[in-house]
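Two complexes are shown next, each including chain A; its partner changes from chain B in the first to chain C in the second.
Moving on to the complex of A and B:
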């Protein structure tokens, strides 16, 4: 068996695990990130929701239950973590816009507006602006975007359809990586008569350099251009984790991507190592400490049977809100389903309560009481608990 | 105002069967249904074309009707029936005596049986519990109740009958103590139509008494709720029954790519206020697992429930009541047809129409047992070859439903809701239960200019609620995982919960 040694081993390649790892490498700690595969954030809008219940996101935190992980991080910690995130993204080709001082709204594919906090630069102009005209661009046969949802709902809108000879968002996005395709698209746009206003395009404008694409389009047609997030798989979500992942690599983090964990070793209240499946023979990854960021049900961090919920890597105790009959409210639109509170309860240093392990920290949506759908706090929670748990881990190591 | 000879209330198998029978005997009629075809017990059953085996010990008369109708439907409704055959399996602990009386009764009633050794049964259905003691082969089949109703209505519609789905009866018009017509309200536009007729047939199943009360009458009924679950895989190619007296969770029926398992039997009061309980799901899943062990680990995609409209009996639970049917002449121009089951719908329709012919003093014999259902080629379902012809145009990836199929369904008469498209194409019937394709189908409907944005949003919301009702009792494991994904689409990305 191969062996590798680290200060910290982070398990889970979603936003929370990536941000925890980025914080740790920044502190000079030898860090490994293990991920079973591409994270669930490739299904998200790529926007950073912090808390959507109030106009100023951080003002709403008081109303959250005392067990909510935000209350462990604290307002200052959330702000610092989000600023750390903004700093990281600023140094990449995918800067984020917005401030933790107030929420903003972005146009959705059904013509509604979604409340969020930080948005990728491609959505800078996606907020409602005084009924200004919006011209929506769609693609022939695209499965997950129907401009009439928007144009029939919002006044002062129109749309045109471009034939990209591809119907999935992924396929169209990879076409936008080619300069020739982009030029063809731009000259088609130039031939359209687009009234004065903004141009909205589903989020398919390339994967690696969407802002360059937008700049070129903008320069050619003299209109502000923005992206509309689409149904999964969502390109802005993919760009986000890819950017964080490559930044982590550049900063010296070690990645084990696409590597499921097959076993865990512990001794005397400490996790010693995890074994992962690698090509040829398995690798035993040793760490002085571990961070668990494997996510909620949808990411596979926890799994429900008919009458219980299991944590999948360390078999940590999971908080479960009552019997199965009570897990979901009868109303689909009532997003306060009890099951959303299921997860790992931790103490103030993000160590699981009643856990056997002293050197294991937990962050992200696997934490109990997140209620991400109810609070709209997904990536904000991932970032702030990721950084906060990493800080606790760092304290522990020193 | 519309005028006709007969009004049929209810678009389930009975109502549609009556419409077809009347058509073939040349009697003009209107069929009115408050939702889509097969929205009541017809669409909420196993989709089992009974051999009669299930009833043969306790109710041989009903069993005899079953086997006779089974043979007729195989012939006239080929495209709705899959001749799977069925097994009654005896597990360790199940009474050998019951098997003896089962075999004896089958012989008396005329249900062909064959006793199979465990090895032979496992050859036929490899997923069976290997510890079965014995199995009895019977001529059970799987039947598609939606297509069956639509095909019956097809004949009526194409030969001058009137079929109004999504039209709810809000009043039964009476003059001088006689029922002379109905007022129906279009569910979509809220517009009210009046239809006049000489005879009204109440074929509204579990809603029978509600409807009778509208006309000032009463019908004695016992309502029994039966719940079922759907597995993500087709774990058996034959119908599997437990060889023991009828009880909870003793039947598994293969249907297209999935299996349906059930049922329970719980007394019900109001057919509009029923839900599946988690307890029922657990019971059915455990019982199904006893017959096919893989049922325990397979993903359940949904649970659903229907209300059996049974004839009222003095005592006993829903299972001991006869599955026979009854025609009640209210002697005021209205008839109610009660009880029965999907397998015998044609026979029920025949007897009902015989009575009407007496009233009209006409002498035209029933032909529904001889004439094959018309339109079977058009509504032949979606074989894989047809589904795969253009993968780029697939709207529902789970069930491989193409854009063309969806547009055809949208353009077919009376379709207004996502559920209508589902019934006609299997859209959204797979593991994600419409999580992705509903948004697409509604997008297509908007592009075709069918709805205003508010209407579209309303339909989407209604659909999501109904969908959630079905999957909520079966939310654990992979299905719960999928549900978090679907929630993240509708709440996280589209923010629908804020768009009240």
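Moving on to the complex of A and C:
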């Protein structure tokens, strides 16, 4: 083996690809991560949904179809993977809270509660607590955040509006990185004299060190403070992605960012290299094994034509739920559309069924039968299949 | 890809350094794909804010749907500049190459005069920010250095770019000697500015004039079996992306296909088995500030792969921050505040690593971040040279040639 080659090349920079890569670098394997852009997780709430159908997330797995990727990982595997995730995050400025034993709920911008499993520390006080008073803070002109949605829906709530002289969540979050702005905000907050209960603020409390910001606010007003995830740009989603990415870099992972894969080289049932479509001349990335984590339709891992579904990098066979007429339910807002089951079927070692490649493993939402919208299992599935596929890949290499 | 592919997910906005700092700039989504639908029917461009984009390309790299966000904005900038007059500073920066020739010829005088308060006052009046010490010019430029060195089967044209040529020819010579020590025959033919400063300052005609000159020279060498190697990542992006792209040069495709980042090239030499350099220990912790345009090249971070082969070297990669200078962008007074704020953020990320010094491939990043981090800035190749000098097996003669 050439000293410039990789042990593993992971394709797809979302949560699943990042977690797979993190597991591999931890095992001392030389790992490259290729992504054609920033992942969809940047648009997410940053919370880790495992399974929202039951109070205890792992209890619900029995009700899932046997082909569901969770059933390949198994209960123990899911627990281990999520613990690995919590461990990683604990060593950063963005620790996560919660256990796989019990789901929890967090307040949303429309005054409802969303069921999830692990939450960033900034949302640790976002669960409903005996109708305790919640004071919502909003920002003048902030896009897509209307505190009256919350106050009209939930009893015992009120709100105030601060003028941050910026309207997008990203721009406000950047301002919270400046101490002077934070102090101005805190003194405004102190003048509100919020007498009891908790304070809820849209998730804009800084980008890199939100817990420090919360700590300072909490100390000044002596109230618990938590963030409410917003519509994109979603700062908790960006924090999660950036934290995982920089941890990977820190541990020695290599990144190829921003360009799609243009071709695949294979020989005798082995993927040998992929080429990235860089300006002018393609860049060849050579590896001993490969992990595919390019995501489902939204992320562009699979693509639907009128009558078929195509996997975009290796042209793997894709499971499709019957002819197009069967893909959709009559009600658009249903979450159980059959097409949500489309994806790659794998064996117990996360190798695609009927695939030509022996050294290719598949993980994340590109897997068949995920039905993420229906099961609310997005990041949990990404993490557990990412780590599990990486383990199988590691076994293969040894 | 076209603006129609934009699904308005705002990931580009999340990555825009200017949008975070300057409320006047509406961000890449609006400046790019959103506004593009109103630019279709040849109407005059009225949005002056389009000039606030620094062309760092972070939006384009981040876009998961492959929309050429920054290219859409660049074209709008060029249209705007065609229809409106540009400030004096923009004309000056577009012609930075000629400024470089003039300043390096009178280097000892120029380097002193730019420090005078009166000169700085005049520069401020002309719209030039003086928050950074102006880069010092050198008389013995690469253009005035030895044109040909080494013999070997690998024939290389070194496109060194204006910064190394006029300001840091010492680094340029190190890179030349590094390639020679790996068995390359290195040529440094006469060359001009790559054209990027002119593009960034709204003058595509000047850009094309510079680029055509280089293209003719480089294509001639490529036909003779040479590979083109660049060290400046912004020059590299212009050669590989803009020559065949927006500048529409007939030789563009050929140049793009045969042009390599210097560390990518060295890695290839190692992968092919052509070179097998022995890297000696460098007991150091360095922070590696990845320039935006290295990210934009999409080739990964090849220098960091070479660093892994150096015993004792700890490298912390930082690729989330733009240094804020973006070539001439931060030297314009109207962009000064944005540039300073971004520079401080990027510098504090470097400081937080606890490294002894930092490396970056881009001369502008090095200038800006040395100022704000108070740390020594190195080119990645300088680390490689240091390591090769430290290796046991390298002969005294070889060491001398690298020193």
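In the analysis below, the second predicted complex is superposed on the first by the 387 of 398 C-alpha atoms of A that agree within 3 Å, B and C clash if a C-alpha of one lies under 4 Å from a C-alpha of the other, contacts with A are read in each partner's own complex, and residues count from 1 in each chain.
As a working rule, a residue touches a chain if its C-beta (ideal position, glycine included) is under 8 Å from a C-beta of that chain, and two chains touch if they have at least 3 such contacts.
Here the structure is a predicted model, which is why all the values come from computation and not from measurement.
In this overlay on chain A, chain B fits alongside chain C without clashing. By the touch criterion stated above, A:144 is placed in contact with chain B alone, chain C being left untouched. Of the two partner chains, chain B and chain C are each touched by A:232. Look at A:300: by the touch rule set out above, it reaches both chain B and chain C. Touch criterion met: A:330 reaches chain B, while chain C stays clear of it. By the document's definition of touching, neither partner reaches A:186: not chain B, not chain C. In the superposition on chain A, A:152 makes contact with chain B only, while chain C stays out of contact range. Applying the stated contact rule after C-alpha superposition, one finds that A:221 touches neither chain B nor chain C. In the overlay built on the shared chain, the residue A:43 is in contact with chain B and with chain C. In the superposition on chain A, A:211 makes contact with neither chain B nor chain C.
Measuring only between alpha carbons, the smallest separation of chain B from chain C in this overlay is 7 Å. In the superposition on chain A, the residues of chain A contacting both chain B and chain C are 43, 232, 300. Residues 9-11, 13-15, 19-21, 23, 27, 60-66, 237, 240-241, 244-245, 253, 255-259, 264, 267, 270-271, 273, 295-301, 304-305, 308-309, 316-317, 319-320, 345 of chain C are the ones that touch chain A when the two sit in their complex. Across the complex, chain A meets chain C through its residues 2-5, 32, 36-40, 42-43, 165-166, 168, 170-171, 174, 177, 232-233, 238, 242, 245-246, 249-250, 252, 254-260, 276-281, 283, 285-286, 299-300.
Looking at the complex, you find that chain A touches chain B at residues 43-45, 49, 108-115, 141, 143-146, 148-149, 152-153, 167, 229, 231-232, 234, 296-298, 300, 303-306, 323-325, 327-328, 330-335, 339, 372-373, 376, 378. Here chain B touches chain A in the complex through residues 275, 277-279, 282, 285, 392-395, 436, 439-440, 442-444, 446-447, 452-453, 456-457, 461, 464-465, 467-469, 472, 475-477, 480-481, 484-485, 487-499, going by the rule given at the top.
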